[in-house]
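Each structure below is given as structure tokens.
One chain, subunit A, appears in both complexes that follow, with subunit B as partner in the first and subunit C in the second.
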Partner chain A sequence: MSGETATGEGPTEALDRARSLLLRYRVPVGLVLVVLLLRPVISHPLLLGYEAVAATILIWMVFVAAFNLLFGYAGLLSFGHAMFLGFGMYAAAIGVSGRAGAPELPFPVAAAVGIAVAATVGYLLGRLTVEKGEIYFAFLTLAVAQAVEFTANRNPLNLTGGSNGVTQNVLPGFVESTRGQLVVVFTGLEIDWYWFVSAVFLVAMLALWQIVRSPFGRSLVAIRENGDLARAMGINTTRYKVQAFTISAAFSALAGSVLMIDRYGASQETLSVITSGDTVLMAVLGGVRYFFGPVAGVFVWQFTEEFLNEFEVLHLGFTSVDLSGVLTHWQFFLGALFVVLVVVAPLEGIWGYLRDWVRDLYVRVKGVAE
Partner chain B sequence: MSDTADAATGTADDGEPTDAGREADTMPSPDPAVDPTTAALATDGLRRTFGEVTAVDRVSLGVERGELRAIIGPNGAGKTTLFNTIMGTLPPTDGRVFLDGQDVTERDEHERPHLGLARSFQSNELFEEQTVLENVRVVVQTSRRGAFSFDLFRDHRSVGRERALELLDTVGLDALPSTLAKNLSHGDQRRLGIAMALATDPEVLLLDEPTSGMSPGATTATANLIEEIRDELGLTVVLIEHDMDVVLSISDRISVLNRGSLIATGPPEEIQANDAVQDAYLGGMREEL
Partner chain C sequence: MSTTELTREDLATVSPAWWAAGLLTVVLLAVTFAVEPGLFIDQAIGGLVYGMVLVLVTLGLSLILGLMGIVNFAHGAFFMLGAYISYSVVVTLGLPFWAALILAPLIVGVVGVVLEITVLRYLYDSDPIVSLLATFGLTMMIEEVIRAYWGTAPLEISRPSVLTRGTDLGVTTVPTYRLFLVGVAVITIAAVYLLISRTDFGLTIRAGVQDGEMTEFVGVNLPIRFTAMFFLGAALAGFAGVLYSAETGMRTTMGETFVILAFVVVVVGGIGSLFGSVVSGILIGVSAYLTPVVLSALAEVTNQPWLALQIRNLVPYLVMILILLYRPRGLFGEEGFLE
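Up next is the complex of A and B:
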């Protein structure tokens, strides 16, 4: 490589190399851009005008990306993924608060317990369900998730707090809440909660990206595309699916543990079938065939929810229209967008459209330039 | 496993006398020449039923190392079911499958490619949304890393790419590595299927109608490719084929299947001259023969 440079490399070759490098590492670059741009963009006065949801959105992106490892890459539609988010959330909340005689644990340990529980449940449930066929898999995961929610509601050993959830003493020592803002205090440094979440986001998303680009990830794609062929070509489809389920569950719990701090506790509604359903919808909305699909889907979903909820009066210069009554039904508008997308292109999603659009634009601009 | 012990006691690995063994004694096998313990691929009394229907009926087949064997028979004779039973796609109702003298009947389908047994499909089974190169590369990867591998830290492009390109060259798809598999022509898709089967690094290759739907020119090219695979790669090839020109020109021996039963096995000229085959089973194919 350096030899080539020494013998005199034209500017075009250098540019080509830079471009191929950028193409190869476009996912890490894109993830950094998401972190850098998300907060300034949504806190722009014309959009939300406040930044508190930015961290929440990043956490949801990790969760839906973990879900999509299973759905988009391995082709398994779980309708009960909220339980894995919940394992992380509840383990972190119970561990940190040390309620009802539970041992008081530092946050990383409590989170690790939640991840381990999620991975174990994912593994065992996977062993039982991955070969059962699509519909059965969806229903079995849904049923188990319902059982988990029911259990949390019954408040076993007074651990889960029933329908109130776990909300007392749930902030770990290194997180402080001042004027409703979370701050991470680390060896005397005060770090914005957003940057702490960004670090978790980058580590988790890069790990997921490495998984999908690894030989392991390509085996998952082969299984999704044609399971019978994959088996005939020597791929142990069952083991791959079970491991994908396990990994997906673990990353979901990781997101759950951080979400616990962000939401000041574990709530029972997180475990509900609505959360599981929203997860599927966000992934499909964004585009399940793309790594950035869940990122786009979560952004559009969460932003729209927040924006339409806050939006009250439309100023048109000469007159103002009060829309707050209509727009609180934000699900209706998102639902309409969702229906249009699924009818037009179920696998492409918003991200697929954006990609095609940018590609067309690039081709056109290049055409004009030449 | 020990050949002498088996020969002496006449029992299978697990020590129980097998029904298949006894049936083979009472009923002369139409393919008696090959001993299952020395053949590259052998079946012993292989049977597969679907409810009341017997699709494969006590087929005992022995294919020698390096042989190119064609399996012919009318539609519905059970040829593809025989392949599916040999590959483990369908578990046999009865009977055994031997690969290189080893009983593989109980092995999972996904294990067989790693034991040296691979197949192509009658319909074009592909990873359709993936590129031609990736279709082959993922099989090379599987062949090298095993049926399951936690290979999480590498870039997939660094595993098996060169070998996959070589195989595309072998089957004549080297000009199309980045085409999506679904966009290939029918004939190219069939060739891609052969490349994927070869990517498992097999010793015995089962090809299910490799020339179906091909133009005469492409059929000849594929027939040459199959001979090349046998001669240059030294593989044992079992071929289901309807094109009698291909069958007669390239196969060493032909097995005739009818209503699930093997009714004759022999070199092409012997099968052509076989009255039983002519009269009872090949009806419509007589002119072609």
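Up next is the complex of A and C:
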């Protein structure tokens, strides 16, 4: 980190200024670091050894961060967030493919339609449910998501393709698939799919960051901490919660539309309770109180899933243990880890522990140095 | 956990809109019965069976919720575990179905007690959302155990021969097992109801819900009663699982489906009301099965084939949304509980 030394300033002042600047913009810097480091790290032969999953992880990070705007900041646990991901996914897939008489739309328009649908549903559902208490809210969103999944399964007007999903002609014109690799072709320029996703990731995450640190975001935290007090201070809690729900739904749909290209279509599994549950797990695993919590949670979850599916034999030097039989049931161990985490400290998550650990280390090193 | 009962005054204050809705329902049902009497009775009993299973699952859920303030997401997993254990008892051990009907709920109850002692006991004082998350983790573990031990393929058990025959009801013949299930469920629900409302045990439990500290002051061992209620709730879910899966078979998705439905039943009936759960469970079960029949009868009468929608799985959620719009606290709910 190079401090720009202005004239007339001592080196320590410049260093301080650089440090405060870095502290102030640590989130954007962190996001750029995530984008730059994610692919090289996971494609390292000691870890996963292949890079295709990197773009998917970034998309999931956007989705879980959008979910966490609602849970971590506004304190509303939605157990049906998969439906918003699904709205983006299905709208993009149906629009681009133009199936069953649907108008054939360019990808950005189709994605915008999906985002608009998700935001509308989020708004209406929010009006109906946000004041019902958090347990009600969790199960109501779950039930509505279940109803959405049933509807998609029934294939209304032949639009959603039932249990097969939408998989035909779903790649928009500017994305080409060569040997299983996606490439974005933009006015003759070929861009790797990962960098395209990275751009979407950065824009979406920075927008979320701005929302979180705006007066609106601060008000959400106030509502979460003490709704009555927030109301007494003149915050319209219902309206803020509904707005948070709407924004969260819109960002989820954005992630869904990009995920559609990444997965070559919209699948019905995405709408299922399991996806919604995974979302909650990832956010809590990472730590819902922190902006980087979802990022950490998604990384750990997706990485564990891929890694443990590949992992078979544990070499201990003197002996080798075949773990493939045990590790196919990794969900059991993840569930156990999750239960322990929730019982010990439900809101800290991996990111919270990491922060504390780094802070302790910093204090100890500094203490030794002095 | 109080019981609310309809009185004459309540009926007098019902608004005209509700009367109109009730009248419309009766007319629609009468039309359907006239068009297809056999199918109507058949589906009504199917709905009753489904509703009874829902009530049994919901009873356990709302007992634990009302008593300990724990939102037990693992309740669906208990239901599913009961079903799969009955498979092991009947197929692997070769014991009769009746043994499964007793053994499986006991085992599920013990599993429930173990989880209560090891995990949930530490969460009584925390936010309900935390218990929801913790039981969600437990659900993942139980489901993975089921997948690992019994596999993911659907399983079935054979019922005793007494119950496989049909019973003639005039317009149609219904499987005897369905009538048996309804009978057993009614007895169980009545027994639980009496336990809570008429025994000393039930009295201390209700006292504990109202004021735990004071109840302990007068010498009631509340923790052991909580554990006993958790056993009862889990065993009820396991019992429902055995009854239900003997008819439809075991699937690895049945747990999540039923825990969501159970909560829908709680919301429709009103949180905090045992009586409301019973009514809304039966209401949702019957309406889920009858709505497609009514719609197809309507389609036939009015000659509009598009009306015959197959929306059985959607009906519970539609009922819930209607209730939330027009009577947010549920049919028999008390205001302010868990809000």
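To be clear about the criterion, the second predicted complex is superposed on the first by the 358 of 370 C-alpha atoms of A that agree within 3 Å, B and C clash if a C-alpha of one lies under 4 Å from a C-alpha of the other, contacts with A are read in each partner's own complex, and residues count from 1 in each chain.
We adopt the following convention: a residue touches a chain if its C-beta (ideal position, glycine included) is under 8 Å from a C-beta of that chain, and two chains touch if they have at least 3 such contacts.
All values reported here derive from a predicted model rather than from experimental measurement.
Which term applies to subunit B and subunit C once both are placed on subunit A by superposition, clash or fit?
Taken together on subunit A, subunit C would fit alongside subunit B, as the superposition shows.
Could you look at A:357 and tell me whether it touches subunit B, subunit C, both or neither (first, second, both, neither)?
Neither partner.
State whether A:25 touches subunit B only (first), subunit C only (second), both chains, or neither.
A:25: touches no partner chain.
Where does A:234 make contact in the superposed view: on subunit B (first), on subunit C (second), on both, or on neither?
A:234 sits against subunit B, while subunit C stays out of touch.
Considering only the touch criterion stated at the top, classify A:336 as touching first (subunit B), second (subunit C), both, or neither.
second
Name the contact category of A:222: first (subunit B only), second (subunit C only), both, or neither.
A:222: touches subunit B, not subunit C.
Report for A:214: first if it touches subunit B alone, second if subunit C alone, otherwise both or neither.
Touch partner of A:214: subunit B, not subunit C.
Return the chain, subunit B or subunit C, that is in touch with more residues of subunit A.
Counting residues of subunit A touched by each partner, the higher count goes to C.
Touch check for A:273: first (subunit B), second (subunit C), both, or neither?
A:273 sits against subunit C, while subunit B stays out of touch.
Looking at subunit B versus subunit C in the superposed three-chain picture, what is their shortest Cα distance in Å?
Checking C-alpha atoms only, subunit B sits 13 Å from subunit C at its nearest point.
Quick check on the output: what are the common subunit A residues between the subunit B footprint and the subunit C footprint?
none
State the interface residues of subunit A toward subunit B in the complex, per the touch definition above.
Residues 210-211, 213-219, 221-222, 225-226, 228-237, 239-240, 243.
In the complex, go through subunit C and note every residue touching subunit A.
Counting only subunit C, the residues touching subunit A are 71, 119, 122-123, 126-130, 132-134, 136-141, 143-145, 147-148, 256, 260, 263-264, 267, 310-311, 313-314, 316-318, 320-321, 324-325, 328, 338-339.
Where on subunit A is subunit C touching in the complex?
77, 128-129, 132-136, 138-140, 142-144, 146-147, 150-151, 154, 273-274, 277, 280-281, 284, 329, 331-332, 334-336, 338-339, 342-343, 346
For a test of understanding, state which residues of subunit B touch subunit A in their complex under the given definition.
Residue list for subunit B touching subunit A: 87, 89, 108-114, 118-119, 121, 125-130, 134, 137-139, 141-143, 145, 147-156, 159, 196-197, 199-200.
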